[in-house]
Amino acid sequence: MEKIYSRASGIFEGAVSGFCPGCMHSTICKIVTQVIDELNMTDHTCFIQGVGCCGLSITYLDMDTISAPHGRACAIASAFKRCAPETLVFTYQGDGDLASIGLAETISAANRGENFTVIFVNNGTYGMTGGQMAPTTLVGTKTTTSPYGRDPGEHGYPIHMCELLSQLSAPAYIARVTCADVPNVRKAKAAVKKAFEYQLAGKGFSFVEFVTNCPTNWGMSPLETLDYVRDTVLNEFPLGEFRAK
Amino acid sequence: MEKIYSRASGIFEGAVSGFCPGCMHSTICKIVTQVIDELNMTDHTCFIQGVGCCGLSITYLDMDTISAPHGRACAIASAFKRCAPETLVFTYQGDGDLASIGLAETISAANRGENFTVIFVNNGTYGMTGGQMAPTTLVGTKTTTSPYGRDPGEHGYPIHMCELLSQLSAPAYIARVTCADVPNVRKAKAAVKKAFEYQLAGKGFSFVEFVTNCPTNWGMSPLETLDYVRDTVLNEFPLGEFRAK
Amino acid sequence: MAEKIFMKGCEAVSESAIRAGCRFFAGYPITPQNEVPEYFARRMPSVKGVFIQGESEVASANMVYGAAASGVRCMTSSSSCGISLKSEAISFMAGARLPVVLANFQRGGPGIGTIQPAQQDYNQATKASGNGGFRMLVLSPSDLQEAVDMTYRAFDLADKYQNPVMLLLDGFTGAMMEPVILPEAKTDEELDAIRATKTYATTGKKGGKQHKVICGPGLDTRVSQEEMNRRDAKMYEGWETDEIDYEEFLIDDAELILTAYGITGRIAKSAVKLLRAEGYKVGLIRPRTIYPFSKVAFDNLDYGKIRGILSAEMAIPEQFSTDVKTAVCGRTKVETALSSGGNILDRGYIIEQAKKLYGDK
Amino acid sequence: MAEKIFMKGCEAVSESAIRAGCRFFAGYPITPQNEVPEYFARRMPSVKGVFIQGESEVASANMVYGAAASGVRCMTSSSSCGISLKSEAISFMAGARLPVVLANFQRGGPGIGTIQPAQQDYNQATKASGNGGFRMLVLSPSDLQEAVDMTYRAFDLADKYQNPVMLLLDGFTGAMMEPVILPEAKTDEELDAIRATKTYATTGKKGGKQHKVICGPGLDTRVSQEEMNRRDAKMYEGWETDEIDYEEFLIDDAELILTAYGITGRIAKSAVKLLRAEGYKVGLIRPRTIYPFSKVAFDNLDYGKIRGILSAEMAIPEQFSTDVKTAVCGRTKVETALSSGGNILDRGYIIEQAKKLYGDK
Amino acid sequence: MEKSIIVAGFGGQGVMVIGQLFSYTACETTDKYVTFFPSYGAEQRGGTANCYVVISDEPVGAPKVEKVDYLVVLNEPSMQRFKDAVLPGGTLFINSTIVKNVPDRDDINIVHVDAGNIAQELGNPKCMNLVMAGAVIGESEILPADNVLQTAFKKLGAKRPEMNPINEKAFNRGLAIGKAAKKQ
Amino acid sequence: MEKSIIVAGFGGQGVMVIGQLFSYTACETTDKYVTFFPSYGAEQRGGTANCYVVISDEPVGAPKVEKVDYLVVLNEPSMQRFKDAVLPGGTLFINSTIVKNVPDRDDINIVHVDAGNIAQELGNPKCMNLVMAGAVIGESEILPADNVLQTAFKKLGAKRPEMNPINEKAFNRGLAIGKAAKKQ
Amino acid sequence: MAKGKVEIYSEACKSCRYCVITCPKNVLGTTEAVNQKGYQYVVALRPEDCIGCAMCATICPDGVITVYREGA
Amino acid sequence: MAKGKVEIYSEACKSCRYCVITCPKNVLGTTEAVNQKGYQYVVALRPEDCIGCAMCATICPDGVITVYREGA
């Protein structure tokens, strides 16, 4: 029989990820490394980690990496890619990292049309620090810093990064995907591939938002999170390609 | 004969502004103080200055004021207004301040729907520091930091704050105006009034973008800038009300 | 007497702040102080206070700048790299002479460091929490009762001097639990009275003749930067006589002095007890105010009978110990017991080093 | 010998950096150093270098972090409050041990201060440019030729130690013009060779066995934070013997020592000349490396014949002068001549203070 | 008298609950001084978690010490990490359901508690930690067993009173094991 | 020998050009040391601007000094600010077209230059600064007049060569006034 | 008699000439006279033509012009 | 014989059960057995039914499952 599905070489041999059970961070690591393998770029990649659970990839992904200060991955990637244009560069950032503290860096890099790829993990919370409210948290959701639920009057509404970035002229590729079921995992992988291909073709800024889960801080079992993502979160964050120049 | 037009009490008696000849910063100070007078709020206002030529208002506007660190006016205003809800609060910020270094603070405050008003002065450059490229600089324009002209491939395209903020749900009022001729000055004043009225009614975030000039750093005579604004800049930045909840 | 409550450091500090009248808190998540913003998020509504989760540390610090400008008692907290991000705003608040309380629950460093406790920000806290050469009173507690009491006092000090005050804690103090007795909560009337004294608050001229301006030196055209710098320098000088606070323990007959602050201070103190039990004549100097430095404590020592000083801290290279050496100025030998990287200093190691320096009993 | 060129400080520093091989610059406008990014914007295309105007100081500093991670020589500059904003990234770069050159053209403070020159960031530069207790070599030139030479050298030092190096200048030095002789430009071949030595650059494993990780202590699981802190502490210690640099001028028979650094250093030097002309036996100690501190220069003095030391700086309260006092440790009287707020120290005032301290000739 | 304890295991095993149970009991029902210090890894789940408790007649000097009187080990990695942390004369409590590697030391008392299985047996795997807590109290007598149980009712029962009976059973099972293992 | 100069006026009056003209000339055509320091207010236009030039046989110690040998004043506010900055024995050059308040000092040489009107007369109000520069050189002789003129051609003529003749005229008009005002 | 009247605070005028080109009645202009800051300030050259429409004052950035109108 | 085969790297399995609910052939499930980290890892309970569709591996976050298929 032939091997038709396996881990990619970008994951350390035999490694066990530090992510929680059922966390789609793991799925993202898996498909991103698969795409990079398919593009034969594992040895020519540098990924720039935001601060958050994505930082757990430091012991999981066997590729060159830079650990960015919280929120600044897009600034680092902008400079790095310009100084090392042959390297495939992507940032890997959570919603706290990218859409809160790093909002200016994200939008500014997108607006300059920097030629790298952003992998954005929208799990609606600050996972690593224990479940605080993120800009993407759904209205009504109780978190440790919105203990009475996210209230539009006090906290406003969830921020939609794909839609926001689509207002800019420079970005080349913008898509929102999820990993909540098999067809979507496949679409997500295709989107990542397209984003990297855009980068390799020098088209400029590419951005893939993953609508994901955080079983631990959502206080749900992994299986429950799949339903919640599909039934509730996706209503707020519709999937699709927003830009493909 | 009756007095039908004069300075408002929010300007120091007999003051001469520090702005350059023909600079619309002066016009903005004039109409904002007029509106505040009309609302009887001159004694109950605090304005929060960004860093830039708007800072010259410190010796021009006779109202309580806070000088913010560069880019952070919206963060300061968010907290100040929540702690002093009876005070009319507005920020006064340039495009370097609001759309570059302060981008995260601006968008985040807008997204939370904070109940204050932003007066945004888009002159397409860093005026006070001598004419560097701003995020709003038009494509092709030569500035001291884009000496070969703003190049979309390197610098991206001008950022459109009204359009960007209109992607968010919380903001209550968003408009773009100019002071390049009499009808527009009148419309601008009406927009400022509406924004302040929204604030006084507790409706949340209001935002008035002024498309302005910088004769000094554009290297034009004041009169030339009026034509340039009307004939060129407004093509990039169309006027209008983007949101009026 | 009030009941003792078993509380976590972060929460004890937060509750004490609220009882001191803190009615505005802005912060951003960062371990090991997440429980501070989380506590304020839960508690503020019940005291009609405002909690905002800032979009970043930069924004949070500026929010506190805004809140202080309105005249309310306010606070922000963070940890190490988060404090770096606040440093511009801290400098602005010191320049504008605004009373705010800042807390740093230190973690390792440089950079993001570990989430484990450390005392690696001593120099930053006491020498330069931002540009421009301003100073702040910096208090550092050794146990949670002291943390609670200092937090409460920090608000008064901030108002007294109209200047930021920093609490320098560490991840250990924030995360540990210990019984504390909480101070009494200020009443709304008391707080209104305090707010009323803040005539600089820019809440509108309200018929006042002069518009109020909150800004640092260099912008206010009514007074020159140099004048403001000199005025501030004078205030800082006053602290040297008025605000230095330290604990002396078994100093009188001591031949060896242990010195340490913060969490390390309590460990050093218990080391002193154990050493005494073994017959070593050791004593302790434990600064509670760490800026200004407790030079006077070292000046008061009788160097005739002292064999040496052992300075202990969780910082590599040393920071606090350099100030100790400066204060001692060669009058006796100063050695160090250091750790970093989340290893809180082991008492056994301190005792070992102390014995080495002590020599024969 | 190369021709002398009349250049503005900001531009002389920028051109020297480019000649040293700087191929990436990110910066953000702030007076009085706008001419630095502006110069790079003009010049970089011609050397195939990259200039980015960052969206902020925070972003600019992080861009330099990214550029350094790619192995190119790189630089950022700012002024005072802008440096505060960079402090988190600076701490990260020191933690990750990346070679970058930082320039601070100091202005007044605290906060935004004036746009006029000052030396109010001495403590920040030499004691804590961010959290975590890291150190950097800090060089401070007194004239533009020294600025040019130090800039050139800073890139070598950064690479030698794989650590950030800071140039501490001031608004005066940035804005003034003076003739300079520029160093020779490094060739592309030389620069390629330098880049090739940077095996830590994360430009892809390229068949290498180990993936490369750029991060600070606490994240790299292969080595503990304490080990990294100890390793760095050792490097810092080495600087004390290898990298201290200062000028002594007419010290041998001096009965009064003037000491100052940076722009104040040259003023003090000319004050020494004028005082000598009047028959006062005065000498000068002028630190060029200001971290580590030139303690050795003060240890070498013959205190038997010295009446006192006058320390001059543009900072109120004093900063550099405190280090001078610490170094002198009571061996003679140390007095200060201070200014701030854009008033560069008047030579006349220094001379007056010197005469007062000198007493009868 | 000062007694120190480390409890170590995976996040999710109830490590902190054991430590807090002892701490609250000491604070609220005795005159003793007490400190509690929790320590987590970077990972939210599956990472390691441990805590330090010191109970003393005097103010506690060092809330975290390298060597302790009592070590409670809930999983294999914790055993590797802490096995040398028990002072001679001290006691090591092992969740023997999943910890198989036992250090070869005869200067300490080693108490094997089949806590995982006992909890399973009682119908709730989560109460494994109460079995361990009981064992510690049974052997060490650092706190009155009854006080600890009352604290458990107060703190754990507050949110989930229906758990009180099973928690009590778990605690008592452990207590008996601890008592039996006491060195005479 | 060390000579110091302040030039002060509004932004836009060409203050810096005067200072730079002297500085470049000193650097490029003599063996002297020279420093130039510009100083602006916060305002881009209408604010004050001034610069300091020091020309010396030795390395320049203080590039900015409180009292100078030569003061060039182009507008009223600058006169107010700097009128005491001239050393006894020094010279004050006044753009008398717009500066009317003249200090009452007899320890200095005061040279009135109707520079604004002369420039107007020559057909370009902008060359007022060259008239003033000429006057300074004429009176002070700190630099060879010819060298200064050559520098003007090189630096100002580079972008606008058509201005050379008028600049030369302006400079020479000033030079003559300066020479005539020399104290014997 | 003129229907309107303008009062010009000439020290605040910066000679941008916005009012000059805006006045529908060509009332305004500059002379040789300069103010303290050196600007050729605006004056009402033909005050008699003023209709008090306030367009000049509306466009004037610096609030230099106060306008009066008959029976407004 | 089965058309497909799954290989499970059980030490990496965290028992999220995504694969279990996803497998169209109900091949996968857990037993009492736990791995080093304490998770009840997934095993192929009915390997003979496996069609090698790789849906389990696709949904598995942790790359636990390697899939083989006949004549793929």
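A, B, C, D, E, F, G and H are the chain letters, set down in written order, and residue numbers restart from 1 in every chain.
One rule holds in what follows: a residue touches a chain if its C-beta (ideal position, glycine included) is under 8 Å from a C-beta of that chain, and two chains touch if they have at least 3 such contacts.
Remember, predicted model here, so these are calculated numbers, not experimental data.
Hopping across touching chains, the smallest step count from chain B to chain D is 1. The interface with the greater count of contacting C-beta pairs, when B-C is set against A-H, is B-C.
Mean C-alpha positions place chain E and chain H at a centre distance of 37 Å. Averaged C-alpha coordinates put the centre of chain B at 60 Å from the centre of chain H.
Shared contact sites, meaning residues of chain B that touch two or more other chains, fall at 19-21, 55, 67, 69, 100-101, 103-104, 108, 112, 128, 130, 135. Contacts with at least two other chains are made by residues 14, 37, 39 of chain H. Each of the following residues of chain F touches two or more other chains: 42, 46. Remark: chain F residues 10, 46, 75-76, 98 touch chain G in the complex. For chain E in complex with chain C, the touching residues are 20, 23-24, 27-28, 33-40, 42, 58-67.
Considering their complex, residues 28-31, 34, 37-38, 41-42, 45, 51, 53, 55-57, 81, 111-112 of chain D touch chain B.
Interface residues of chain A facing chain B in the complex, by the touch rule stated above, are 100-104, 107-108, 111-113, 135, 152-157, 159-160, 163-164, 167-170.
Taken in their complex, chain G has these residues touching chain B: 4-5, 9, 11-12, 14-18, 21-22, 37, 39, 52, 54-55, 57-63, 65-72.
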